[in-house]
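Each of the next two complexes has subunit A plus one other chain: subunit B in the first, subunit C in the second.
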Partner chain A sequence: MTRAGLSALWSYWRCNPLQLFTLITGLALATALWSGVQAINTEARASYDAAAATLGEGTFDQLLPKSGDRFDQSIYIDLRRAGWQVAPVLEGRLTGADGPLRLIGIDPLTAPAGIMPQTTTNDAGQSLSDVVTAQTVFVHPRSVAAARDMLTSPVVADRNLAPGTALADIGTVQKLLDQPGQLSRLIVAPRQARDLPALNDVAPDLRRLSANQGADAGRLTDSFHLNLTAFGLLSFAVGIFIVHGAIGLAFEQRRGLVRSLRALGLPLRRLIALLALELVVLALLAGCLGILLGYLIAATLLPDVAATLRGLYGASISGTLQLRPEWWLSGLGIALLGTALASGGALWRTARMPVLASAGARAWAMTAGRARVWQTWLAVMMLAISLALVWLADGLLLGFLCLGCLLLGAALALPACLDRALLLAERLSAAVRWQWFWADTRQQLPGLSLALMALLLAIAANVGVSTMVSSFRLTFTAFLDQRLAAELYINARSPEQSDRMQAFLVQDGATLLPVQSVDTRLAGQPAELYGARIGPTYIENWRFLAQGTDPWERVASGEAVIINEQLARRADLWPGDILAVAPGLSLPVAGVFGDYGNPIGQAIIGEALFRDLHPEVAVTRFGLRTDQPEALRDRLEARFDLAAGQIIDQAQVKRMSMQVFERTFTVTGALNILTLAVAGFAMLMSLLTLAGMRLPQLAPAWALGLTRAELGRLELLRALILAALTLICALPLGLALAWVLLALVNVEAFGWRLPMYLFPVDYARLAGLAILAALLAAAWPALRLARTPPADLLKVFANER
Partner chain B sequence: MNARIFAILLCFLPLPALAQGFAGMGSEAEGFATPQPDPTFDFPADHGPHSAYRIEWWYLTANMTGPDDTPYGLQWTLFRSALEPEEREGWDSPQIWLGHAAVTTPDTHHSAERFARGGIGQAGVTPAPFEAWIDDWRMAGETLADVSLRATGPDFSYEVDLNAQGPLIFHGQNGYSVKSEAGQASYYYSQPFYSLTGTLTLPDGSVEVTGNAWLDREWSSQPLAEDQDGWDWFSLSFEDGAKLMAFELRQSDGRSYASGTWIEPDGRTTALPDGALSATPLETTDVADRTVPTTWRLEVPGRGVDVTVQALNPKAWMAVTPPYWEGPVTVTGSHKGRGYLEMTGY
Partner chain C sequence: MLLELRSLAKSYETQTGPVPVLRGVDLVLEAGHTLALTGESGSGKSTLLHLVAGLDTADGGEIRINGRDIAGLDDAGSAALRRGTVGVIFQQFNLIPSLSVQANIAFQARLAGQHDPARDARLAEALGLQDQLGKYPEQLSGGQQQRVAIARTLAAQPRLVLADEPTGNLDEATSGAVLDELLSLVAQTGAALMMVTHSTTLAARMDRHVHLSRGRIA
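Coming up: the complex of A and B.
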C-alpha cells in the first residue's frame, strides 16, 4: 500500500513537471541566496578570527599607551625587569602600489602561544634564526607579491595569517616602519609571578585593556554582515513565497488523489507521513541544488565583499572561498525549514479533510476569503509596529526590524489594495467585456498575489537601495571635493626626508598642510586625533553639520576641538559640550563635520596644541596647495628620490576613494538584481500554473464570442495592469525603505546620516524594467492560451463536473 | 609555556635534545669559536658572556635547611644561546637568554622560566660589578665572591645571600673540560664553596634557610659528540669537606663517557679521567611520562668512594623549555653528604 501510495503521489509530479520545476527552483533559489550570503559571512568572520588570533586580541589582556599609539620600548624593559611577563607588539602600515600592508612585529621568545603562525615554527631548527637574524617577513600567500615589492626582507607565505597582514620579528618591523625603539602595545601573559608591583608604579603611561574589551573592528563589520544577512533573509522570504504557492497548488490539485487513496484504505497517518517524506526528499534535493548555486553566488561576490570590507573598515578578509560544513548544513537546514513553513498549512488541511470531501478542483486559493481579512489586519499591525519603531528604534537590530515590519506589512497589504483598485475599475467600466475582464482579474488575484508580493518587495528593495546608493554618491562626491582641497599629497619615507621636503617646499612657495594624527580613544571610543594647520583651505572648504561661533579660529588658537559626526552621535557631543582630548586636557566642541566613509570617531585640534600633546608624532604626510601641481610634482621628483605612491595628486585620491565607494555597493546591487529576477520567475510560474486551471473559466468567454487571440491579448493586458498597480504601490514603499536605510539603519551602522535625494529617471527606468519583466512573464502563458486547440476549450463543457 | 616555542628553541638550547646529540650541542659549530686546551682565564671579564661561543651558562644550585631541619634545594640558571657568534645592539642581537629557577622541598617542586632577547637590556651579564639578570631575576654583587640572588615564579620566590668560602675550581685540564672521546670540550669552572643565608617564599609561607651553594660556569660551541644524547651530572659535598663533581654522557650505542673532579676541602683538585668513576642507576621514578633514575650508585675507586645518591624529591622535574630533571640529593655509604643531581635526555 505504501508503495502504491508513493507511486500515486509521484505520478502527480510526473504529469506536472512544470510544478515540480517551480517547487524545486523556488526552493533552490531561496536556499542559494541564503547560503550564499551565509558563505560570505562565515568566510569573512574566519578571516577576522585569523587576524585577531595573530594579535592575541580577545585572548590576552593588553597594555596600551594612555595617549597616542606608540611608546618607548624602555617601558617594556622596565616592566620585564619588575617581573611583569609581557610581550611586545609593534603594528603599523606600509602602503604600496596594491594597497596597504599591515605589519605586525612580535618577539617570538616572549609572545604567548598561538601568536606565531604555525608554519613559521614547523621547522623548529631554522625558525628562530629566520625570524630573528634573517628578518624574514611572513605574509598571507595572496599578499606575497605585494610584500616582495614593498619590502627588502625575505618574504615567506603563511596561510594562517589574514590577507594583507605581515608578521615579522619586532626588530625587523621597527626598521621597516622606521620606528626604532617604539612599541604599540604589550600582551600580558596569563600566568604571572607572585607579588608583582602595581602597573601604575612601573609604567604609569600604560593602561590595561582586558581581553574581552576591544575588538572594535568586529562591532563595525558586524553591521555590514547584518546588512548582508538581512538581504539573504529577504531573498529567502521571496523564495518561500514561490514554494508556498507551488506546494499549496500541488496539494489542492491532489485532493482527488488523496480522496481516492484514502477510500482505497491508505491510513491517514501513513498518507501524511508519505506526503511529508515526499516533501523532505524534494527539500533536500532543492537544498543541495541551492547550496551549489549559493556557492557560485558567494564565489562570484566574495572578491567584491573583500574589497568592500577593506575599503570601509580596513578589515582584511580572504578573497577565496572554502567549503565550510557550517554553512552548507545551515543551507540544508533552511531549505527544510522553508519547506516546512510553506507546507505546514497544506499538510494540516489535508489531515483534517473528511475522507469523502468533495474533491472539486475549485481555484485553490479562492477559499482564502477569510484568510485575506486576517492578512489585512496583520498587515495593518505590521505597518503600525514599523511606524512605532521609527521613533523607538535604538540599535541596528531594531532598525532592521523596523525595515522588516515595513516590508512584510506592505507585502501583506498588497492583495487588499489591489482588490480595492480592481473593484473600483470594475464599477467604473460600462462595457460587459471590461466588467468581465476586471472581475476575472479580481478572481485571479489570490492565485497571483504571492508572486505580486514578491514583485513588490523586489521593486521596493531596488528603489530603496538605489536611492540610498545614489544619495550617498552625491553626498560623498561633494564631501570629497570639500575634503580633498589640496592639489598634491606627499608621503615622506622618513621624518628626515619629510623635513628636507618641507624646507624645500616652503622655499618653493607652496602652502603646506601637514597631516598628523594619533590613534587614541575619545569619550571611550576608538578615535583618531588630528592636528591641523588651520588656514584658508579649511576655512573656505569645510562645511559643518552643526557649529558654534568661529569654530576655526577657536581651534587654531587651541581653545576648542571639532569632531566628526560619528563621534558626535555616538558620544552625544554637540557644539558647546566638553570633550577630553588628552589626559588632563578638555576642550569645548566648536563644530561637527560630516565624515563619510570613515567608521571611527575623529577629532581635530590646532597644530600647536597637537605638537604639545604628541611631540613624538613626526609629520610624514602633508597636502600641498599650489597653482601648478604638475610642475611642482616634477620638481619634487627631480629633487628627491621618490618611490611610487609617495606623491599622489588629488584626482588620484578622489578616484581611489570613489572606487572604494563604488565597490562597497556592488554586492548590494548584485543581490538586488538577483531578487528582482527571482520575483520575475515567481510571476512566470504563477501565471503558468494558473493558465492551466483557468481554462474552465475562459471557455465560457470563448463560447460567447471572444476569440482565442483576444483572450491572449487580455491575458497580457492583465499582467501589465497588475504589474503597474504593484509598481504604484512599490514606489512609495521603496522610498520609505530608502528613508529608513538612510535615516535609521545608516546612523546605527556607520554613525552618519545622509540627506535623501530623489532620482525620478532611475525610478522610471526601473518601472520600465518591472513592466517588461511582467510582460515577459505573461507572454508565454498568453501565447499558450492563444494557441489552445478549440477542442480543449470544448472539452471543458463535456468534462464539467 | 607552549609547545611551539619549545619547538623553536629546541635546536638552540644547551639542554637535552632530539637528533644531533643535545639540541644542537652536537651539531657543527660553524662560525663559532671552539674551546682550546690550556686556557688562561681573565677575571673578572671571564665571569661575563662570551658571545663568540654558541652556549654558556651561569648555573647555581644550593642545598639548604630550614629552622626545623627540613632540607630544601634551589636552582637559579641563566642560559645564553647564540644564533650567530657575535653581539649586536638592540633587537638585532643574535643572543638569546633563558632563565630557569626552582625550589625543591621533600614533597613539592616549584619551577619557573624566563625568555629574553639580548641587546635590549632585558637580560645579560656584566662582570664588574658582577650582575647576571633576566627580567627581575638577578645574581649581583661587587664581585662574584659576594652576591645576592633572587627569583620569582607564580607560586614561589627566594632571596638569598651567597658568600664564597673558598677559591674557584677549574675542571678538566685547568678549566678545559673534555666531553667525548672525539675531543668535544668546554671551558668549565665552578665556585662550589658558597655559604648561603636567605628566605624562601613558598605557598605555605616564608622559610629562613641556611646552607651551601655551588655555581657552575661553562661555555662552549659544540661540547658533545653527535652520538651523545643525554647526561647525568652530580655535584656532591661530603661531610668531611671534600667535594665531587662527576658527569656521565650517555651515548646512543649504550656506552658512556664519564669524567669528574675531586675537590679537597682546601680547594686543591684532581681531575678524574674517563674510567676513573662509574654511575649505576638503582631505582627509577615515573615523572612527566618519563622514567628517570632517581637513586644511583656512584663509585670512585681511586678515592675509596662508593655511595648511594638518592633524590630528596624524586619528582623534581623541571617542566620548562626544554624539560629535564634537577633536584637536591642525599648521599649515604662510604661518604655522607648532600648535593645536586641533573639528568637530561630522558
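Coming up: the complex of A and C.
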C-alpha cells in the first residue's frame, strides 16, 4: 500500500518537472543563503575561540605593561622570586608573502594547562623537550606552508590553533622576533600563595587585567554577526516564499489525486505520512544542494568578511572554510524547518479535507476571498507592532523584531494594495479590452502574490541597505576629513625614540598632537581615556553631535570631558551630565562627538589633566601638522631610521579606512544581489507555472478576436505593471527599512546613529534593474503563450483538458 | 446477505438548518446480484452510495456488509473496506493523471496487496484497452477513461461494486458498450453491483431496480 501510494504521489512530480525544479531550487537557494551566512559565522566564532584559548584570554588574568607593549624579562623573574605564579608570553608578527603570521611565545614549563597545543602529547608525537630544544613551531594546518617560508625552525600543524597563529617556546619566539629578553604579558595562574607581595611593590610598571575585562573578539563582533544573520534570514524568507508557492500549488493541484487515493482505500493517516515523507526527502535533497551552494557562497565571501573583521575589530579569522558538522547539520535542519513552514498549512488543509470535497483546483485560494481579508488584518497588526517597537525597542533583538514585523507586514499587505490599484485601473478604463486586461490581471493576483511579495522584500532590502551604506559612506568620509586633520602620523618604537623625535620636531617647527591613552572602564563600560593637546586642529575640525558651552576651552582647562557617541548612548550621558574619569575625579560632559568604526566607548580630557592622572603613560604616537609633509617625512626617515609603518601620511590612513569600510559592506551588497536574483527566480517560476493554467482564461479572449501574439504582449505588459506597482510599494518600504537600520539597529549594534540621506539615482537604477528582472522573467512564459498551438486553445472549449 | 441497509438516515447541515437527504432507507443486496438505483436529482442516490462505500457517515440506521456494521468504522477502517471489499466507480472516472493506463489499472489492487498482472492483462483485453496501456488518462477519450476506471475497480476483486452514474459522461452508444462490459465482468467475478443511474433504459438491464424519492424508497 505504501509503495503504491508513494508511486502515485511521486508520479505527480514526474509529470510536473517544472514545479519540482521550482520547489527544489527555491528551497536550495533559501538554504544556501542561510547556510552560507551561518558558515561564515561558525568559522569566525571558531577562530575567536581558538585565538582566545591560545592565550588564555577570558580564562586567566593577565599582567600587561602600563605603557608600551613590551617589558623586560627581569620583571618576570622578580615576580617569580616574589612567589607570583605567572607564565611569560611574547607576541609579535612576521610578514611573509602570504600575509602576516602572529607569533606567540610561551614557556611550556610554567604555562597553565590548556594553553600548550594538544599536538605536543599526541598525534605529532612531540614531547615537551622537543618544543624547547628543537625549537618546534606549532601552526594552524592551513598556515603551515606560509610558516615554513618564513621560519627556519621545524613547523608542526595543530588544528587547535587559530588560523594565522604560530605558537612556540618563548626563547624561540624571542629569537625569531629578534627581541631577546622582552615579554608582552604574563599569564596569572588561578592559584596563588596567600602572602604574596602586592603587584605594585614588585612590578610597578605592570597592570593587572582581569579575565573578564580582556578584549573578547566574540563579544565585540556579535553585532556584525547578528547583522549577517539577519540578512541570511531575510534571504531565507524570500526563498521560503518560493517554496511556499510551489508546495501550495502542488497541493492544490493534487486535491483530485488525494481524493482518488482516499476513495480507493488509502487511509488518511498513511496518506499524510506519505506526503510528509515525500516532503522530507525533497527537503533533504534540496538541503544538500543548498549546503553545497552555501559553501560556495561562504567560500567566496569569507575573505571579505575576514578582512572586515580584522579591520573593524582586529579579530583574526580564517580566510578559508572547513566543513564543520554543526554547520551542515544546521543547514539540513533549516531546509527541513523551511519545508515544514512552507507546507504546514497545506498539509493541515489536506488532513482536514473531507474525502468527498470538490477536487477542482482553487488556484491558491488561500490568498483569495476571506483568507485575503485575514491576511490584510494580520498585515495591519504586524505594521502596528513594528510602529510600536520604534518607540519601545530596547536592544538589538527587538530592533530586528521591529524590522521583521515591518517587512512581513508590508509583504502581507501587498496583495490587498495591488488589488485596490488594479480595481481602480479597471474602473478608469473605457475600452473593453483594457477592462478585460485589468480584470484578468486581478484574477492572476492570487497566483502571483507570493512571487510579488518576494520581489517587494528583495527591492525594499536593496533600497534600505543601499541607503544605509551610502548614508554611512557620506558620513564616514566627512568624519575622516574631520578626524584625520594631521598631515602625518608617527608611531615611535619606544618612549626614548619618541622623546628624541619630539625634540627634533619642535625644533623643526612642526605642531605635535600627541596620542596618549589608557584602557579603562567609564560608567561601567570598557573604554579608552585619551589626553588631547587642545589647539586649533581640534577646535576647527571636530564637530560635536551635542555640546554644551565652550567645550574645548573647558576640556583644555581640565574642567570637563568630551565623550564619543557610543559611550554617550550606552551610558546615557549627554552634555551637562557628570562622568567619573578616575577615582575621585568626576567631570561634566561638555560634548559628544561622532566616532564611527570604534566598537568601544572613548572619553577625552585635557593633556595636563591626563598627565596628572597617568604619569606612567609615555607618548609613542602622535600626529603632525606641517605645511610640507613630504619634506618633513624625508627628514624624519633620514634622521631616525624609521621602519615601514612607523610614519603614515593622512591620505594613506584615509585610504586604509575607506578600504575597511568598503569591504565591510561587500558582504551585505553580495547578499542583496543574491536576494534580488532569488526574487527574480520566484517571479519566473510563478509566471511559468501560471502560464500552464492560463489557457481556460485566455482561450475565450482568443476566440473573441485577440491574436496569440497580442495575448503574449499583454502577458508581458501585465508582469511589467505588477512589477512596477510592487516597486512603487517597495520604495517607501525600503526607506522605512533604512530608517530603522540607521536609527534603531545601528545604534543598538554599534552605538552610533547616522543621518539619513536619499539617493534618487541609485533608486532609479534599482527600479530599472527590477523592471528588467520582471521583463526577463515574463518573456519566456509570454513567448510560450504566443506560440501556443490553436489546437490547445480549442481543447478548452471541447472540455478535453 | 452481502449488503443490508436498515433505517438508513442522513441529513446535511445548511445555513437554514439540517436538510434530510435519506429518511430511513431499507435495502438488501445479495452476492452476484445487480441493482439499479434511480431517482430525481437530490433524491439521495449518490449519498446512499457514498455511505455504503464508507466515504461518508450516516446519522442513523445500519449498514451491514457481509453481516458487519460499518457505521462505527474510523477512517482507517473505512479505507480498508474500500481497498478490500468495496470498489467504487465514479462518474468523473477519478483516474490518477500522472500514472499510465497500466499503472492506473493495477493501482487499487496494489493498494489492497493483491496485485495480479495476469488479471490486469485479462481485464485490459476484455475492455479493449490492450493498446492503450502505455498512454496517460489525458490521452484517452471519455469512454476509454471509464473503461480504465472499471478495470481498476475489478482488478482489486471487490465483493461489492458501487458505480455512481458510470456512463453519465458518455454518449449513448459508448455508455451501452461500457455497461455491457461492466455487467459481463461483474458476472464473471461473482461480485454484486449497485449502480446509480438516471437512465431507465440502463436500469432495466439490472436484476433489480430501486427508485428513491425524497430520501425514501418509492
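Observations, loosely collected:
The definition used in the following text is that the second predicted complex is superposed on the first by the 633 of 801 C-alpha atoms of A that agree within 3 Å, B and C clash if a C-alpha of one lies under 4 Å from a C-alpha of the other, contacts with A are read in each partner's own complex, and residues count from 1 in each chain.
Here, a contact is a pair of C-beta atoms (placed from the backbone, for glycine too) under 8 Å apart; a residue touches a chain by one contact, two chains touch by 3 or more.
This one's a predicted model, so the numbers in the text were calculated from it and none came from an experiment.
When the two complexes are overlaid on their common chain A, residue A:262 makes contact with subunit C while staying clear of subunit B.
By the touch criterion defined above, A:15 reaches subunit C but does not reach subunit B. In the overlay built on the shared chain, the residue A:193 is in contact with subunit B alone; subunit C does not reach it. By the touch criterion defined above, A:73 lies against subunit B but remains apart from subunit C after alignment on the C-alpha atoms of chain A.
In the superposition on chain A, no contact is made by A:204 with either subunit B or subunit C.
Contacts of A:576 after superposition on the shared chain: neither subunit B nor subunit C is touched. Of the two partner chains placed by the overlay, only subunit C lies in contact with A:7; subunit B stays clear of it.
Between subunit B and subunit C, B touches the greater number of residues of subunit A. Those residues of subunit A that touch subunit C in the complex are listed here as 1, 3-5, 7-8, 11-12, 14-16, 256-257, 259-270, 355-356, 359, 800-801. The residues of subunit A lying in touch with subunit B in their complex are 73-74, 76-77, 80-83, 85, 107-114, 116, 118, 121-122, 124-125, 127-129, 132-133, 169-172, 174, 180-181, 191-195. Those residues of subunit C lying in contact with subunit A across their complex are 50, 53, 55-56, 75-76, 79-84, 88, 90, 92, 94-99, 103, 107-108, 110-113, 136, 138, 152. The residues of subunit B lying in touch with subunit A in their complex are 1-5, 7-12, 24, 83-84, 90-92, 94, 96, 112, 115-117, 120-122, 133, 135-136, 152-157, 201.
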